[in-house]
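By written order: A, B, C and D. Residues from 1 in each chain.
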Amino acid sequence: MATTEADKLITSDDPNHPANLIPSLCAKFWHLGWVTGTGGGCSIRNDDKVYIAPSGVQKELMKSTDIYVLSLAAQNSTFTDRTYLRSPPCYKPSQCTPLFLAAFTKRGAGCCIHTHSQWAVLVTLLLETQGSGNEKVFEINNIEQIKGFGRGMTKSGNLGYHDTLRIPVIENTPHEEDLTEYLEAAMEEYPDTYAVLVRRHGVYVWGDNVHKAKTQCESLDYLFQLAVEMKKLGIPWTSEIARIGPDRP
Amino acid sequence: MATTEADKLITSDDPNHPANLIPSLCAKFWHLGWVTGTGGGCSIRNDDKVYIAPSGVQKELMKSTDIYVLSLAAQNSTFTDRTYLRSPPCYKPSQCTPLFLAAFTKRGAGCCIHTHSQWAVLVTLLLETQGSGNEKVFEINNIEQIKGFGRGMTKSGNLGYHDTLRIPVIENTPHEEDLTEYLEAAMEEYPDTYAVLVRRHGVYVWGDNVHKAKTQCESLDYLFQLAVEMKKLGIPWTSEIARIGPDRP
Amino acid sequence: MATTEADKLITSDDPNHPANLIPSLCAKFWHLGWVTGTGGGCSIRNDDKVYIAPSGVQKELMKSTDIYVLSLAAQNSTFTDRTYLRSPPCYKPSQCTPLFLAAFTKRGAGCCIHTHSQWAVLVTLLLETQGSGNEKVFEINNIEQIKGFGRGMTKSGNLGYHDTLRIPVIENTPHEEDLTEYLEAAMEEYPDTYAVLVRRHGVYVWGDNVHKAKTQCESLDYLFQLAVEMKKLGIPWTSEIARIGPDRP
Amino acid sequence: MATTEADKLITSDDPNHPANLIPSLCAKFWHLGWVTGTGGGCSIRNDDKVYIAPSGVQKELMKSTDIYVLSLAAQNSTFTDRTYLRSPPCYKPSQCTPLFLAAFTKRGAGCCIHTHSQWAVLVTLLLETQGSGNEKVFEINNIEQIKGFGRGMTKSGNLGYHDTLRIPVIENTPHEEDLTEYLEAAMEEYPDTYAVLVRRHGVYVWGDNVHKAKTQCESLDYLFQLAVEMKKLGIPWTSEIARIGPDRP
């Protein structure tokens, strides 16, 4: 495939085209402290094409020409064999690639966001100090912002105020692509989750489309920050609250 | 009413037209961390028309064409019967709608802002740990920023430095519209308040016009953040301070 | 004086004209959390003319046409008699006016900034808990940022790393203009200070020109925030540090 | 050399020319709280020319015409003898100059950033309270963001997740240029470090080029902030973590 043909994949005047949207989202995430030049990223799937930011790029300066395009049809090949439909001239593929692909192939996600948010990292560190098996899942309930999450892939609607949001935590590995099997195992164990925390590292959050992935990531980061502040103030993350008003479907 | 007629309600070159102002305010509030894609919002009343942001919109990307317009004259009808003068093509009405309407009909407000500010939520959590009835109102005094609040609908001027600002707290309900009766009860009990906190959820703040609602919301968020920091440093929210200088009207 | 003549005082294409600079500075300060719609402000002196923001304006939206212009020659008249060379059509004068004038007349300042920064307020609250006379001055030393301050009006150069920065604290009064006599007394007692803290309220910072007032205000806010964080971590604000290297003039 | 010839050194339409890049980077760093009008800065080396911000400039307002240009060939001359190829008309050279030059001459760096980040200062203060020789190096491990750092000038690739990042701390001196000998000594003692902390002052971070210096500075500031939050929550900065997955080169 000639370069000019490949470059058509990332050339569009539409600000919502994945090759334009990934740079604008990453700039926004950089300002939120979610990603830096070497950490975090974002990938969007459009049918069988996957658009993905390169490794080590300055996130607030990314351009559409920096974007890789992968064919999802080729996702069963091993990592080293993976074929790119379009590659930027001077970058390396992101180590997050197989993890983004897991969200697309195992969950049918349309967008996956990976942040190194300090609030996510601190939550995993706080859980680690608890030990005794309590360190493997973050739980919070009775906070309105929980309603920003879907109930799960096989369920309709969003979580309710009294529901407990559960985000599994996997241990970090020296190489990011080695996280894939653990991420997939957590997806199996928590079939309804839209996010997986990685200890001392960050979080992967996905959604059916860019809108849902982003708003779920916003809600989750809000809850992680709130949870850290609650811990500083001695307030527990889960509680039994007397119910007021009807609990309608 | 034809779509083109309805769309005239949200079409204006004036940046201060409610349909333009709500998006610019919501983008500002998103940057302040007050609202997210699924939480918080803003509504403006212009005579008997109410302009209101839809549910679940990305707050920093909202457009005038996303705005609902309601007739206040129809507000006595039940929620399911409510008629919209103008609806955006691909959104659902906000669950905050009846709460915004309460501010407009019970208080004659011109603008109502609903934030999920973490400082508001943390203040309600800190009050909750006190129990014994102290959890139902936030009180702070002897802080200059208190002067950013009006004394009340039936009184002239703003609170003074030595006055105690009191913001009632209502318990959260699984469905946001079910908060309405509790919000209205708090308005009855605190006839001079311009804000009501919702436990583990956020705050509703209103004012006679956009300017007053926004500046009161700024002052209140400032005080909530200060109160959380004061708690971390062991400083009480209320105190007896020796008066200096004349206490003129 | 006809309105058109008066309006010439605030009409200029130069972004550094006081009537343009005050709005751009206030917008910047709003983003830093130093000022809100009802708190804080900024005034610039140009020879015998004083430019000043009005009361209660949304600080990030201010326009040159919102600015008051005062003649410094008239400053000896009482507050009620003060004559404005130019007044905006729909605002009230700021209650900060006599305090800004004190910086201009008693210190020959070219610019005075008043913030409600939470860090400033928290520092005054922390000092208050110490009592025993220690609450009347903020002291910090051995922090590099201290070098951002001038030694004083009658001295040349800036403070050194080992010098102790001292900012007096005055008690708040119900009416901001009543602070004037206490501010002036603090200026007398601390003839070299470029700032005065107001308990539970904020800080006034000035400088020979806009550049110096702003950079001193930046340094001071940095030190207030650092001081609060130091307190949370149990680190004292002043200490004896062994000197390294030559202590040249 | 005529002024017009000298000014050619800082005149370019290329946003990546050092004279344009330093102002845009400094504005960005100002928004991050890394630099203020009197603290912090940035220098870029292009072959044997060094571009450097002046002393005391408002960092978010810097222009290319504010930039000094030095010849690296002249770096062996003493400080007072240093010759500038181009000087701005109304500024003084930065006291950071000899420290930036140390990064260029001792390490072959292409860019050096100096921040007064409060997180850097707080880390040095926390280390100071430990004493017993533990105060002379900041150590952290088992945090993903550590992978944002190169292993060292004589080594290829970046640090791994289980590696311990070590940043030496030097004591502050009354005059910034007097730090040079201590900075150079720390470079000798830690031949692989890309950064040196200065107690109660800030940090110097460099890299082979602007991209690497900036992303390393981002990662380091992230780790400093995380370290302060970990301390507040009672979580140690270093730990033994069971290894998961292969530890490949």
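Everything that follows uses one rule, which is that a contact is a pair of C-beta atoms (placed from the backbone, for glycine too) under 8 Å apart; a residue touches a chain by one contact, two chains touch by 3 or more.
Predicted model only: the values in this text are computed from it and were never measured.
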| item | value |
| --- | --- |
| Touching chain A and also chain B, the following chains | none |
| Chain D against chain C, contact positions shared by both copies (same if over half, else different) | different |
| Whole-Å gap between the CA centroids of chain A and chain C | 44 |
| Rounded Å distance, chain B centre to chain C centre (Cα mean) | 31 |
| Of all residues in chain B, the ones touching two or more other chains | 232 |
| Touching chain combinations (by label order) | A-B, A-D, B-C, C-D |
| Chain D residues touching chain C - in the complex, by the definition given at the top | 33, 36-39, 56, 58, 60, 116, 118, 121-122, 125-126, 129, 171-175, 178-179, 182, 198, 200-202, 228, 231-232 |
| Complex contact set, residues of chain A against chain B | 28, 142-145, 147-148, 158, 160-162, 211, 214-215, 218-219, 222, 225-226, 229-230, 232-235, 241-248 |
